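Once you scroll down, you'll see the structures, which are given as structure tokens.
Next come two complexes built around subunit A: one with subunit B, the other with subunit C.
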Partner chain A sequence: MSEKPTKEKTADLGDLLAEPRVGQLPAVTRGPIPVVQALTVGANQQTPAVGQRVTRLDIRTHVTGSTRYIDDLAFPGMLHVKILRSTQAHARILSIDTTAARAMPGVVATLTGDEIPENSFGSSYQDQPVLAVDRVRHQGDGLVAIAAETEQQASDALAAVKVTYEPLPALFDPLEAIRPDAPKIHRDNNVYASKVIIRGDVEKGFAESDQIFERRYRTQMIEHVPMEPFAAIALWEPDGQLHVYSSNGRITLGRADLARTLQMPMNRIRVTATFIGGNFGGKNEIRTEPILALLAKKTRQPVKATFNREDEFIASTTRHPIIMDYKTGVADDGHLIARSVRLVLDGGAYASWSETTVGKAAILAAGPYRIPNVHVEGHAVYTNKTVTGAMRGFGAPQVAFAYESQMDEIANTLGMDPLAIRLLNGFSEGSISHTGQVLQAVALEETLLTAAKRSGWMEEGT
Partner chain B sequence: MKHAGRGIACMWYPIGFTVAANPSSAVVKVNEDGTATLLTGTVEVGQGSLTVLGQIVAQELGISAEDVHVISADTDVTPMDTGAIASRTTFVTGNAVRLAAAEAKSILLEVAAEMLGVEVRELEAANHQIRVKTFPEKRISLADVAMGAQIARGRPPLGSASFNPPTVAMDPETGQGKPFAAYVYATQITDVEVDDETGEVEVLHVYAAHDSGTAINPALVEGQVEGGIAMGIGMALSEEILFNPEGRQINPNLTNYLIPTSLDMPPIDIDIIESYDPVGPFGAKGVGEPTLVPTAPAILNAIYDAVGVRITDLPATAEKILMAIRKKERSNVKGLEPGEGDT
Partner chain C sequence: MHQVEMMVNGQVRRAEVPAETTLLSVLRETWGLTGSKLGCDVGDCGACTVLVDGLSVNACLLLAVQVDGQEVLTIEGMGGFDYLHPIQAAFERLSSIQCGFCAPGIVISAKALIDKNPHPTEQEIREALAGNLCRCTGYTKIIEGIAEACRAPAITDGISVTESGHV
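Our next item is the complex of A and B:
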């Protein structure tokens, strides 16, 4: 068990190492650099400015704790908002009664979805309600927002809201949801975004291959975990302009979504984002802003909502779990001949950024390798789970796990060095991508050789 | 017993996104003293993008980073931007700010040409001066030009511009097209130690070589790489949102959802591989997202190298690895092929 798999150094590897083939790129000539290089003193004063290890403009305030995030801001008379969320994964809402909640100490106002002028948002399809009105589709859907004098009073009042549901069959497995007879979560098809990439003839490629490798890979649902949970404040300026402070990474889109949901002209809405304490894709859409705007209007007071960590997990977006079926045909000398990939993305309860994610995942799925025959199809599927959306890498970390795991399995079976098989098949300057694009400034081989050299890969012969 | 293993993984990643156009715009104002102010609609999310954008403006104007003040993230004040997403800020917003600075610079060069009595095409902006390229002794300070432009000639030096990456729509049936203007590449090699009695994995070292085009600020590129690797280690080994049978998350908190802490972080050797992208600002591409992409497969390949089991569903928790090791041991007893410990 402790024995290591055999990896032979091939003759090819030696040649490749001696003579990098990275197009116009220079060979690696730089000596070792320290693991951590200090910021260069005076870099901020140097010209030319590009290439300097300039000290960040905002580092002093971050390190001294004086950066002002949204939650550090307060306005006179500001109220605090908490949102009641669904206890059902999939259900019809029969009734929502806020009478008792409105009588709770400190409560100033409540808001339900039927009070929102256009109660939907979403980057590709506007399939997500700001607050659910007739149906909930996962256990993070908001139902009622409560504005109170303190955060605690708003939290306490949530328990006084009475909601009755009629449960509907819920789907948690995208492979079940993709079946034609599965219950529908929206409209008439649970598959809501697809991408296909076809190059060459994959079946012919498999027929010409010496060996075929097939495996299913799966990844998990992941949360962005930004240090700063999502926060926003809404207030109405005396001249009637709505001013929203929000930890939103895309204020241009955020303002457009606000204008749409509130049915207001864009020039009457100002969105300010200050500094954001980590985004990673989880702050690319509006969350509570329309709710806060309407509660601020109702109460004539500024209102704030700061997500706690649980809100951030269940009511923001997450990384798509993907079920990935990889089939790869190779020649005995290690050349990749054909690869087919089928991706099924757990698309959660609403579309969010899934269309972009399935697109990027499909485009990248065959890996940075010259493969004459490629067939990739990816599908994003609704389930009654937490919304999956944009997250650092947009599907790339998932497919890279699959294609790089399979590359190692192929190398192992063929008795090749894992570095050698990547050098043998990797893109180089002028390679054609799987979408037919001529690639420029391709530094793949140089990254492989540099990391190998830095780690002593060749010396160790691992 | 602990077993050492080493794994490699590489990747490619596109800069910008593709479903629709994704433009950025910017305004650059050169002040009378030769400093500059940049207005950008992007949002600083912790990655240091405002610093990078300031450096790009400074480079174009021939001034230093501290001479540029950056104002961002206010829809009433700053021009539109598609946002801090898709590793696009340096490449797309960077091009918009470079073009805006170039427009302000063209006013300065025209004024300087008059002041120096030379042709505009003979001039360059460098080291806080505007000077004759072939005869740098003939020069005038940028501050004097800026002051002269605004006060004497009534031509305040400011510029506004937008940029949208050149792409070709993909064929809906075959996906053929040019969805992105640029790609970056990276390789990570990881050393791990796997305990065959507990299934526990310790990541001992990561060697990371990342192409980002021209590194506008190498320190910030390294920061992205380190942060991405932390995220990749979590994806590989510990992070997972779990649900009960009713679809309720059972670990929506940092006690039971395990992200790597500073104690889990190994030493990281970073090599920045500089390529020159023909479209990016000063050859730059981007680096934000790709930094985590090769981490998980490099760790999983290292686990296989250490104990001969291939985990195919993430995360590779200690429990999963231990089960796979046990399964492999049983297979070996039965005389099956070694190396078939796949889950």
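Our next item is the complex of A and C:
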């Protein structure tokens, strides 16, 4: 064995790996981080940061396994919390009995929704209970939280909670849910967010078109599946301040939601964001934080809840499935003349970020194409399914799938190259978007041509 | 309760655990080795990958008692902040990792591969990572990183640990 490095830790390493080290090994250093020029650039200019290789500032702790994510944190006396979730998609709760659960080994406290000062939260509308009290609206709704000395004890105690339900008719199809006679999931209308965009006269446009293309497209529900499940820890500081650690990606909003649900002044609440092991939009609102705050208060101990993979699937949010009806009128030469789109977003049991999603989906639904006559309407609809909310693109990928599929169909029918029809109709510098924005720095044509070239699209025989 | 004893990263560790305790939970909770991650708890994601007697395994699927008397290598045994394994160094150079949650398991799987096969093909690298999910990166730079690590002199000379300068 050659000379040991001086650091304690490295000396350990040499021994434990018990592998021969010969000669002078190549040094690995972090190297200087490339200087990125100031990002103030003129209109339509590329920033100098693009194309530079930059070393991530946090990567060394990541690759050595020393980054501390929330589940790597523990506090003395910390209890573990598990949440009992509804077995019903839609039901009235007749009774919740926690007597037996409280007598289970290791159980320190339980919490139900009626103990939460303001039992509702939500990013657009506060329509979601932290723990359901009188009604469950999907299978992931939490009913009872149990704090125990170990996670296993908390899980075991969930089985001892007795809940009785009176099932209600459940809705799983948003098209059924928008019918006037459908059972209502919240108030008097299952449609809870809409967006309409009108430009020109779409009926006139269809009348002037040579051909009309109509098709329905659907996308499925998608869970973000971050590698790190959602987790939070709550404890009360000696001065009475609430301190919450959370893998929530929007702690400022989380703090406001905590203040609201706990009916506490915001300046008595401190939220610490931890490193996040993947978010993708699924960690953008509070989940268990108010529950943990109250259980920590009850037990006078720090409490932690880490979602297991099942919680992550049923009790976080997902990407909206959208039913998309497209109708496009074109001239025989391939010019788009009119497009109408109806989007029905499966909003799941609670609003979450649906209002934002329906807006963005509608704004982008006609695609990056010059179309003089456009009518888009989007509706987010309650169903008794997993909550749909923010996920990368907020509705944009769904509509892109629909309008690009339709572009291909049009090109095929007209005998045009799919690239040619996009170049013919695509936005260019100064184009006006469907919502009236004058577009700058438009690189659509350049992007399409580069992609076509690099993929060999324009080569003979491909 | 059961007594377990194993050699973890070259150090003898002992614990008394209930029978249902997994290797992952004894590593993380009893011994504070939190580098190995819990992603799924059912053997799907590979975030908990460690080496047991040189074989890569999912620590969430093994009970601690099954590993009694064996040798375990976790990410904590692979290199530190100023002492990187070539795989870690290559991941850093290429920014192969984003959120980092999958990294400990992937580094361990890559080590298991390189220890057996220091000159893997791209296909062999892909197969070695079949049990590791990464939700952020799309894998491209992880695969490039492992290939690049295999070209590091330390690996081509059959040595598995590289010394780095201070940061």
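FYI, the second predicted complex is superposed on the first by the 407 of 462 C-alpha atoms of A that agree within 3 Å, B and C clash if a C-alpha of one lies under 4 Å from a C-alpha of the other, contacts with A are read in each partner's own complex, and residues count from 1 in each chain.
Quick note on the criterion: a contact is a pair of C-beta atoms (placed from the backbone, for glycine too) under 8 Å apart; a residue touches a chain by one contact, two chains touch by 3 or more.
It should be emphasised that the depicted structure is a prediction, and the values quoted were computed from it without experimental measurement.
Within the superposed three-chain arrangement, the count of touched residues of subunit A is higher for B, of the candidates subunit B and subunit C.
Contacts of A:71 after superposition: subunit C is touched, whereas subunit B is not reached.
Once the two complexes are laid over each other on the shared chain, residue contacts for A:426 go to subunit B alone; subunit C is not touched. In the superposition on chain A, A:309 makes contact with both subunit B and subunit C.
In the superposed pair of complexes, A:54 makes contact with subunit B and with subunit C alike. Applying the stated contact rule after C-alpha superposition, one finds that A:225 touches each of subunit B and subunit C. Judged by the touch definition given at the top, the superposed model places A:352 against neither subunit B nor subunit C. Contacts of A:275 after superposition: both subunit B and subunit C are touched. Of the two partner chains placed by superposition, A:261 touches none, neither subunit B nor subunit C.
Counting contacts as defined above, subunit A residues 5, 25, 53-56, 58, 225, 227, 275-280, 309 meet subunit B in one complex and subunit C in the other.
Remark: subunit A residues 5, 7, 9-10, 12-22, 25-31, 53-56, 58-69, 71-72, 74, 152, 224-229, 275-280, 306, 308-309 touch subunit C in the complex.
Those residues of subunit C lying in contact with subunit A across their complex are 9-11, 20, 28-29, 34-42, 44-45, 47, 73-84, 86-89, 91-93, 95, 97-104, 107, 133-136, 152-154, 157-165, 167.
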